[in-house]
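Have a look at the structure below before the remarks.
Order as written gives the chain letters A, B, C, D and E; numbering starts at 1 within each chain.
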Amino acid sequence: MTEVVTGMDGSGTTAAGPAPAAPSAAEPSVARISNWSEIRARFLANKLAVFGLLIVVILLLVAVFAPLIAPADPLHQDLMNTLKEPSSKHWLGTDALGRDQLSRIIYGSRIAMIVGLASILLACFIGITLGAIAGYFGRIWDTLIMRVADVFFAFPLLVGAIVIILLMGRGVLPVVISLGIFSWATFARLLRSQILSVREMDYVHAAKALGASRRRIVLKHILPNSVTSVVVYAASSVGIAIVAEASLSFLGVGVSPEVAEWGNMIFAGKDFMGVKDYLWVYPSLSIVTTALGFVFLGNGLRDALDPKLR
Amino acid sequence: MTTVETAAESIGTTAAGGPLLEVRDLHVEFKTRDGVAKAVNGVNYSVSAGETLAVLGESGSGKSVTAQAIMGILDSPPGRVAQGEILFHGQNILALPESERRKLRGNKMAMIFQDALSSLNPVLSVGFQLGEMFRAHQGLSKKDAKKKAIELMDRVRIPAAKERVGDYAHQFSGGMRQRIMIAMAIALEPDLIIADEPTTALDVTVQAQVMDLLAELQRESNMGLILITHDLGVVADVADKIAVMYAGRIVETAPVHEIYKRPAHPYTKGLLRSIPRLDQKGQELYAIKGLPPNLLAVPSGCAFNPRCEMAQDICRTDVPPLHTVTEADGGELPGRGSACHFWKETIHG
Amino acid sequence: MADLSKDDETTVEAVEAAINAPVDRGEPILQVRNLVKHFPLTQGIVFKRTVGAVKAVDGISFDLYQGETLGIVGESGCGKSTVAKLLMSLETATAGEVLYKGQDITKLSGKALKVVRRNIQMVFQDPYTSLNPRMTVGDIIGEPFDIHPEVAPKGTRRKKVQDLLDVVGLNPEYINRYPHQFSGGQRQRIGIARGLALNPEVIICDEPVSALDVSVQAQVINLMENLQDEFNLSYIFIAHDLSIVRHISDRVGVMYLGKMAEIGSDAEIYEYPTHPYTQALLSAVPVPDPEARAHRERIILTGDVPSPANPPSGCRFRTRCWKAQDKCATDVPLLAIPERFKGVDSPAAHDSACHFAEVKDVVGVA
Amino acid sequence: MGRYVVRRLGQLVVVVLGATMILFACLFVLPGDPVGSIGGDKARDPAVVKELRAHYGLDDPLVVQYVHYVEKLGKGDLGEDYTQGRSVNEILQPKLVNTAKLAVTAIIFDVILGLSVGVLAAMRRYSVWDVSVTFLTTLAVGVPSIVIGMILQRFFVVELGWFPLISDGSFNSMVLPAVTLAIIDAALVAQIARSTMLEVLRADYVKTAVAKGLPRRTILTRHIMRNSVIPVITYLGISFGGLLGGALITETIFNWDGIGLALITAIQSQNNPIIVGVVTYSVAVFILLNLIVDLLYAALDPRIRLS
Amino acid sequence: GGDNKDDKSSAGAGKGGGTFSLGLVEPVSIDPVNAQESEGILVTDNLFTGLYEPTADGKVIPALATSKTVSDDGKTWTFKIKPGTKFTNGEVVNAEAFIRGWTRLAAKASASDVATPNVGGIDGFEALQKGTGTTFSGLSAPDENTLQVKLATPDFEFDVKTTHTSMSPVPKVAGAGKNQAYNDAPIGNGPFKMSGKWEHNKSITLVRNDDYGLAKAHLDKVNISILNSANASQLEYQGFQSGQFDWARMPTAQLTAAKAKYTAQGEWIQAETSGMNYLLPITDNGPLKTAKARQAISYAIDRDAIIAGVFQGMQTKSTTILPPSFADVYTKDLCVSCIKQDKEKAKSLAAEAGLKPGDELHFGFNTGGGHEEWVQAVAQQVKDVLGLNVKIDAKPFKELLAAQQAPGATGAYRFAWGADYPTPDNFLFPLLDSKSINPDASGKVQGDNRARYNSPAFDALVEKARSTKDTTARNEVYKQAEKLAMDDQALIPLWNRTQFRLVNTKKFANGAMDFHEDPNLAQITLK
């Protein structure tokens, strides 16, 4: 998150870190150090990152294999067994329609993953494209894009999302689109400020001096060196998007209420606060865990993607 | 200010005559993710009042870390003094409690850093930062402190000091900033100043101005000066004696005149030979082969051995102690030492 | 950006033909004429207004001959790097010409410029920021071949990269390593290898060794000299360390505040400097010889370098010059052989932009 | 600097126009007839409907409506709302004040809580304290504020009875909503404060301050805190948009009569003038706030010149 | 409202004084001219007293009226008004005050939502609505305390309509309908009066009217906190629990727990009110066009299971269109398909109606009303039994309304109807009479008959009932009409509108729910 801020005011610190202690060049390493294996090694050395990855992978697996894992159909109502406390039969109890909570949470991970990932991917896509244009081409593009970003930035996320959803109707796609559309501005700003500093790096001049095309300079030199903070921000935003989606459900504009989705579950369960707390506690925990997983993963990725960090 | 005479105040009044500062077998380590980096490995040197000791050596050899250990401003964690003594006016300051050491800093010993811009707080006016010294150590009022700050700025020849006392670091040129750093160091007339590469970031003409000023101020108040640098030219200009560091150790010590004439360590020798000279246009430059050592994996034996042309088997196994260097006839050379198994061959060969 | 119309096609061919013509040793390969670069000082975020200009380079002329090394010295901010960038067309010149084999490269763009860029390369000061931290050494040195595929057929590239590593004295097996795994000196070698990849004729070195330790600096300088001999390169060598410049250069130009103060052969500049600024500069260089310190006369300048946004009138050095007179404030001294040395067969008779030029030996050798 | 402020205010106009334009485009292609919402849910006489449409200019093309809106906006008039026929300004201004009260209190919480927690974490880096701060702050961001708010309400209002349920404008009734609103930002502020502190702690000028022999306290307050607070302020400026989003939920839970609640009600009843009004206000406030942040920024950091 | 017959007894029943607090959603209006929903009515009913009043169990009792007569043609009504009562500003309440109020209600400028159903039948209404006239030609005051009403069409239940709060008298200061000062602080003749003005979205405070012309209230003061609709029942309940409110609704989810907790203390109020919950089928279009299809749906729903599972037994199944509180006409089990789920019957009816498994059925409901659960249960049952592809469509209320009104709407909608006054006509005519479809040019339904039920036979029966003077006979006709509509399954009854309230019995006595589901403030006494 910090990167966001320092990025915002344009004082992002991207200068190459201090000179590392001289590497042990004594023994020529013959081993082919591939890009990925090195990143992987750095990543795996970071316990928190691995923990985050574990959470995310488990969630993804759960989402993909929900039908195999879930003990029951998340939509199956059993009106004779409504509001049953957690038991061996229903590990996390049943809701007001006698649906198995555990199964709903398991299926809910699908929506969470889709909404969380897709909306952030969308925001990233728009934000990175526009941020790159603004940062690299500067001038009128910069002014134009940044003013538009200001507009979106000043527009409260939930408000924007609600309007779009009213426009498109309820459902997963509108939620994804609206969250994406109203969160790209941060990505664009972040990337732009990073690019502004990377743009002046000597290796960019070197590539220009070689006669490299703009495309090449942007794609090979500028973007890879400016997206890390975007990656971190994106990862932490996944959690924010999931929370926002849950809030939309609370405000009655999320996905359709029968859908097994964490926000819906919290929304339905909140009325039972103090009576049947398990109804809102477990879905809330699911959201928190997911958000934590992505944040850890993001921070880990940033560290791993940076070959300088050791 | 206080009635109780603290240890720090008593320092400086006792033990006159001996060296001002003596570093004995100092070891400093840093815990890093990849292991313990032994940045300083048994450094010995001393400075007397009015004397200038130049500490030479390439990047990462431990010059700054030693200085920081003396000042007590090591990054700790991860750094720590693992072993050794630092005697200031004969008293081991490493044994003092932090509150006592704080009173020494700025007051009895001061430090000038390499990069003046980043060493000055960007959001406080330079006058304020200068005055702070007097407020913290002498309890002066804000107004008096400001007056003192102006005096100081005058003293380091900052034009229009009165008008500029409220300016911020970024509003001064590089040379002026460094002069402000010097002003800060001499503010309380300390006994010892450590200047860590004070001019590396400056242009030659400005560097000359600043070095001159520093030398002059030192002479005026008879301070001990430790000048850290890797510029042999600067050393030749101002130093009285020299200590050369390599991989966390002192590899050679000598009075300034001696070392240029007769280096007693192959590293020093290589260093001197590899400097291009303004007054000569030679052929190919001499170059020390190989690379500086990795502190996480310092070569066994003499740390310089992989790069040394004279290296023999013993160099790969035994760490050479700092030999006292003698003339060919056996007469001792005062102040000279070399940590080379083959110092004789080096100095006489 | 370039609109490659038909006219441009012919230009490209013309340029290609021109630059493929060999140049004899001792002939000028690069001619710089009245080069000017002003950076606009702007205010405002939405609507930018120009409120002035930083006169980073303000009318500079010199020649670079085939096979020689031209050193350029001067204090920080005097415009050295800007000159380098102009020569590389990394910045667009405000005025003036840079003629490479007679082609004005400041007017070229697109393909034609790309052709020229094959022949002029650059080595940067900071070995830490001049290599993309996310590319392997192989990719960095191989990038020129990706950009100019005609230079090396696909299959041969890896080999070529390894050869280049060998040439600059690095183990060819390092090809898959990342820049951060190398020391500063090694990184600078990688930068040099990248510069050499396209077999350029001219290499512009912007302070290539300033960031290196003395013990490593010599290795790099030696390498550069060897490469020059081997590949018949012409160097423009920018530095603020006058000793290094003297060591490597055949001719030296001294810059002050966007202008060339003095230019001549190395002996002329170091032993017979006629411009006061050159003299001050040389005298300020610390000499690694304690014997010299007693009998060296040093000229300590007062004051700081003025801002290039608002340079002094007349001679730009006059605010710090001990010889300055009224004339210096009004007349801009031209870079030419000073009146009093004209026709004199002496090393002092070289270009110097001072109204009161006179020889003063400050190095103490001659 | 005066010029700078003027230009920033000019920018405000541009952004407000942009935002309202987007909103207009969205709102008026919405399904449903806003006139249906004028008054209650009852069916009404077509003649009346027609007249109402004319009164609110709803039969004009979108562009004309927008131009009318902008014209009025220029005079500081935000139009009339649909349900009560009252001036939007008149309706929203007291709510804006209420929300502002809440937001300011929340921001004060943010700063006090976030800054102190973050700074402590940075000072005791790698300690149990530091790790738990990292963990808890991440946690706080991950829990929907609905849940936080309802837990607080249940516990402190219903169980303990410490705070009134219904706001009476007193500070006491503001505590819970403000805390709910503040929690996420406080967590983020703590994270930011922690990492900038770590950066500042390593800065050379801190080393200088230590080398000067200054007391720890002085170093902390004068040299460290002041430099660390700048990114925090920036963050608070830009987080305002999120704050308003949070206000939607907080105000609903705590029945706080602010613009968030007004917005929710307006959205549910398609009371477009109110929606547009709220967004206009909030965008304007957002920009004004960031202008203040910039000025503050310049006041705190002399390197920044506003020109 | 007050009850003039129990004057003495109620005055002596409890102690006076006390402040009663409750939470309320922001009313549309607290000026009778546009008061319409239970929130607005709560306030206006206590600020104003009209001719007649409804009782909680659906009877009509006189308030200021001392007698009524209707002509045999059902077109002329004469009311005698209790003399000498006053508005709180001292003005006398006489026939003129009623004429003033009703004229104001009908005036075009007032743009009242409740004018047409209440005074629409009076001569001269058209002119007022169009703005061409300023006086109500059908109203006259033969003397100070006599009000004569001439109707354009016969209406033997006009007296019932006068129970509506909009039919209150107003003082001269009321002025035009749109009168911000009066709208926000109405001056009336009821048991309470305003203390200060309406603080929008914040509060309304009432204090006792000590000059009230009928039985005086006991409470000193009523504090009404205005709550947001999205969270109101939650807030009310929490407010009650924490002792900040003396009256509260509660979220459905908390009903069981609340009942268990508060029954013992006698704080639990439960009543079936004059409201009904239905599934509204669109009868002119789409899958539910035929009566058989609608019956199939009705049979497919297991109301008992939903009541047991979702409502935890807190609702009562309904089998009629009219609410049980209309005791005179109520005929249990009129809706045969409602009595018990019958999957086989549902399937065979569906087959006859041409409803095939996989057919799409649109099912709309509004968010924010706590309907999510049972809607899903109903949808699931229909899906399970008939194999229909039920598409749940959740929308904010206004949008749902628009969707129901839209030309070409199909499927079923959640629907509930509460009576404005206690007469079958108030259900049957607006909901099912073809005149209440009232489509505009585009086909958008403007009336309340959004099921678009169109049966000439039904219309004729309603017509007939309206022109029957004798109450018992009239009720018989209404019964017939209801049966007809039920046989056509014009609406699908689900459950009665059972309402639950909590009232603070530690401090107060006599608290109960009135006809509009509001607390009977005028009767509440301090303990």
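Here is the rule we go by: contacts are C-beta pairs under 8 Å (C-beta built on N, C-alpha and C of every residue); 3 or more make two chains touch, one makes a residue touch a chain.
Every value quoted in this text rests on a predicted model; they were computed, and no experiment measured them.
Among the remaining chains, those touching chain D and also chain E are A.
Think of each touching pair as a link: the shortest run of links from chain B to chain C has 1 of them. Centroid distances from chain C, each centroid being the mean of CA atoms, peak for E.
Two chain pairs, A-C and B-D, are compared here, and A-C has more C-beta pairs in contact (counted per touch definition above). Rounded to whole angstrom units, the spacing between the C-alpha centres of chain A and chain E is 49.
A straight line joining the Cα centres of chain B and chain D is 53 Å long.
Chain A and chain D have Cα centroids separated by 23 Å. Contact with two or more other chains is made by residues 45-46, 183-184, 186 of chain C.
Counting only residues that touch two or more partner chains, chain E has 230, 368, 396, 399. In chain B, the residues touching two or more other chains are 59, 291-292. The part of chain E that touches chain D in the complex is made up of residues 23, 26, 28, 34, 36-37, 108, 111, 113-114, 116, 129-130, 178, 180, 200-202, 225-231, 235, 238-239, 241-245, 368, 396-399, 401-403, 405, 438, 440, 445-448.
The touching residues of chain A, when paired with chain E in their complex, are 75, 77-83, 96-98, 166, 170, 251-253, 256-258, 268, 271-272, 274-276.
Only residues 75-76, 183-186, 213-219, 221-222, 225, 240, 242-244, 246-247, 266-267, 270, 280-293, 298, 300-302, 304-305, 363-365 of chain C touch chain B when the two sit together in their complex.
Within the complex formed with chain B, the residues of chain D that make contact are 202-205, 207-215, 218, 222-223, 226-227, 300-303. Residues of chain E that touch chain A in their complex: 230, 234, 251-254, 256-257, 302, 305-306, 308-310, 312, 367-368, 370, 372-373, 375-377, 379-380, 392-394, 396, 399.
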